[in-house]
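Should a chain be cited, it is by its letter among A, B and C, assigned in written order, with residues numbered from 1 in that chain.
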C-alpha cells in the first residue's frame, strides 16, 4: 500500500467520522429529542467520570469486580484446563459437563447467584468468573491435549522432571491456545460485568447507565456507553500487546506453516 | 467406541450431581436455596408439560432468538463479504468498526430503550447488534481466504463478477461463515434472555425473574438447568448442521 | 574423553562389554505385534545401522531402547545393566525433525535445552561448540521456522550431541531433506561420531546410506520385526562419497543388503 493511499485513507476516515458527528449535532440542534443530546453535553458527562464522585461510585467498582472475576477465570481456568488436558484419559469424562456449562447462557445463573450470595460484590465477581472461566478451561485443555508427543519425548530423553516438563514444554506449547481462550473470556467477562450491574447493583457503570436512562439523563447514558467502549478497547489492546510479546514465535511459526 | 464415550460423559454429569447433593447433605449452603436434583428435574418436566409457565417461555425465547439470529446472519454475511471485497469501504469504515466492536453489547440496552422503547424491535436490535460481529469477521476472513486460483478458474470459465461471488466466493467462505453463525447463536441467546430479564419481555428471562421475585426456588433452578440444555442443544444442532450441509469444511477433518 | 571407550569395534576376540544389548524384546500395540523377539548387540564406538521396510517397527524399537516405552518382554541392557527411565548417557534425534524442535526457542535455546543442570558459563561454551560443530553458528539466534529442513536437522543433531552422550540414536534423520543436504549430513554425522568417539545407532530405509555410514548393519523383517541378518561392513575410513561408493566391496555389500530387503518385500506380498 503506497503512502499517498495511506494518507488519503486517513482523510476519508476522518471525513466519515466528521460527517456522522456533524449529522448528529445538526439533528440534535434542529429537532431536539430526549434521546439525542448535544455532543458537548455528552462530552461534559464523559469527563465527569474522571474526577469526583463518579470515579468512585461508577468506574472503580466496575473495574475492581472485573479485575478479580476475570483474573480468577484466567488463572484458575488455565490451571484446571492444563491439568485436565495433561491427564488425557479424563477428556471423555469431563468434556460434556464442561461444554454444558460453557454453553449455559451465563445470565441465567444470575437469579441463582443473587439467591446464594445476595446483591453483593461477591455475587457479581462470581458471575463474571463463572461466565468467563469455561472458555479458558476448554481452550487450555485442548491445547494441552494437542501438545506434540515428540516434544514431551525430547523432554524425557533430556531428563526433565514432571514439573520441569510442565513449565518448560507444556506451558509454552499451550500458551497460544490459552490466549485464544482468554480473548473469548475477556468479552464475556465485560458483558457479565455490565449485566450484573444492570440487574442488581447500586454502583458501577452498568447501574449508572440504567439509572441515568430511567431519569432521562441521556447524555450520561451515552457517556457511560462511550466509557465502556473505551474500557473494552483498552483492555483488548493491552491483551493483544501481551500476546504479541509472548507469542512472537507463534506468529512466525504459523506464518511459515501456512506458506507451505 | 461412541457409546463408551457417551457413558463416560454421563458419568461426568453424575459426578457433578453427586457433588451437588453432597453440598446439600453437608449443609454448606442453606438447603432451601439448593433443592435436590430430583425435585428440580420433576419441576422441569411438569413445567414443560403444562401450557402455562416454562414451556411457553422457552418457545417465546427461541422465537425471538431465531428471528434475531437470522437477521444477524444475513446482515453480517453481507457486510463481511462487502468489507472483504471492497478495500475502500473496509478502510473508510474501519475506525467505526473498531469503535463499536469493543462496546459490551448489553451496555447499549439502556440506549436502545431510550430510542426504541420496550417492544420487539428493541430486543431484535440488541440481539443483532451483539451477534453480528462474529458473522461479519468470519465472513470477511472466509472471503479473504479464498484461493485466487479458484477465482482465476472462474474467470477462465467466463463467470461474471456476481456469478463468481455466488458460485465461488460464498461456497468457499461458507465454512467460516457457519462457524461465525455458531458463535453468534450463543451470543444471541444470552442477549435474548438478558433483555427479557431486564424489561420483562416474555421468555425464559422474565420467567426466571418472576420465580426469583416470588421465591420459587425449585422452579428457578429447573429453568436454569433447562436454559443450559437449550444452549447446549443449540450449539450441538449448529455443529451437526455444519457437518451435514458443509461437508467440505476442513474443520471436521482435523 | 572417557577412558572406557578406548577400544574400537575391530578388537575381535577380546570380550568387549557391549554398550547396548537388545535381548529378545517384543512389543505389541494392543493385540498387534510390532517387535517379535528382536536381539542384537552394539559394541562401544560402533556405528550400527538398522534397515527395514517402512512401518516395520523401527521407531518403536528406538523408543524401547531409549526407555520411552517398555517392551512387553525382553530387556535392553547398557554395559550389562537394565534401566527404566531415559538415561543420561543416551541421546536421540527424532524422525520428524520439524516437530521435534521447540518452536518458541531459538537455535541457541533449543540446543541448550538438555543442559538445564549445568552452570550458564559452561552451558554457553558447550552450546557454542555444538552449534559450531554442525555449522549453524550464523543461525544461532533464529527460530526453527526460519530454518531450512537441513538446518533444522542440524539443530536437532546439535541438541543431541551437546549433552555428550555415549550412545546416539538417529531415527531416519535424513529422510526428508534434498539429496545434496543429505550427503552433507551423512558426512557430518560420520565425522562427528568418530571425533566424539560416539556409539551411533542409525535407523534408515536407505540401503546405500546404511552401507556407506556403518560398521555393521542389522536387517529387519516386515512387521512384526525380527532380525533377518547382521552384516559387517569393513570399508576403510575415511569414507568418501565418490571413492568409497565406487569400490567393489561397497557394491557387493549394497547388493547383499538390497537383496535381503527385496526378499522381505516379496515375502510380504505373498
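Heads up, the rule we're going with is that a contact is a pair of C-beta atoms (placed from the backbone, for glycine too) under 8 Å apart; a residue touches a chain by one contact, two chains touch by 3 or more.
What you are looking at is a predicted structure, and each value in this text was computed from that prediction instead of being measured.
Q: Which of the chain pairs holds the record for C-beta pairs in contact?
A: A-B
Q: Report the chain whose mean Cα position is at the greatest distance from that of subunit C.
A: B
Q: With centres defined from CA atoms, tell me which chain sits nearest the overall protein centre.
A: A
Q: Which whole number of Å gives the spacing of the CA centres of subunit B and subunit C?
A: Averaging C-alpha atoms per chain gives centres 54 Å apart.
Q: Using mean CA coordinates as chain centres, what's the gap between subunit A and subunit C in Å?
A: Here subunit A and subunit C have centroids separated by 50 Å.
Q: Where the centres are mean C-alpha positions, what is the separation of subunit A from subunit B, in Å?
A: So the centre of subunit A lies 18 Å away from the centre of subunit B.
Q: Considering only the defined contacts, which subunit A positions touch subunit B in the complex?
A: The contact residues of subunit A facing subunit B are 9, 12-13, 15-17, 20, 34-35, 92-97, 99-101, 103-112, 114-116, 187, 190-191, 193-195, 198-199, 205-206, 209-210, 212-213, 216, 218, 221-222, 224-225, 228-229, 232-233, 235-236.
Q: Residue numbers of subunit C touching subunit A in their complex, please.
A: 63, 66, 68, 85-86, 88, 90-92, 94, 96, 99-100, 102-105, 113-114, 116-117, 143-146, 159, 163
Q: Can you list the residues on subunit A that touch subunit C in the complex?
A: Interface residues on the subunit A side: 148, 150-151, 153-154, 156-160, 164, 168-169, 172-173, 175, 249-250, 252-253, 255-257.
Q: Going by the contact rule at the top, pick out the subunit B residues touching subunit A in the complex.
A: 4-5, 8-13, 15-16, 29, 33-34, 88, 91-96, 98-100, 102-111, 113-115, 186, 189-190, 193-194, 197-198, 204-205, 208-209, 211-212, 217, 220-221, 223-224, 227-229, 231-232, 234-235
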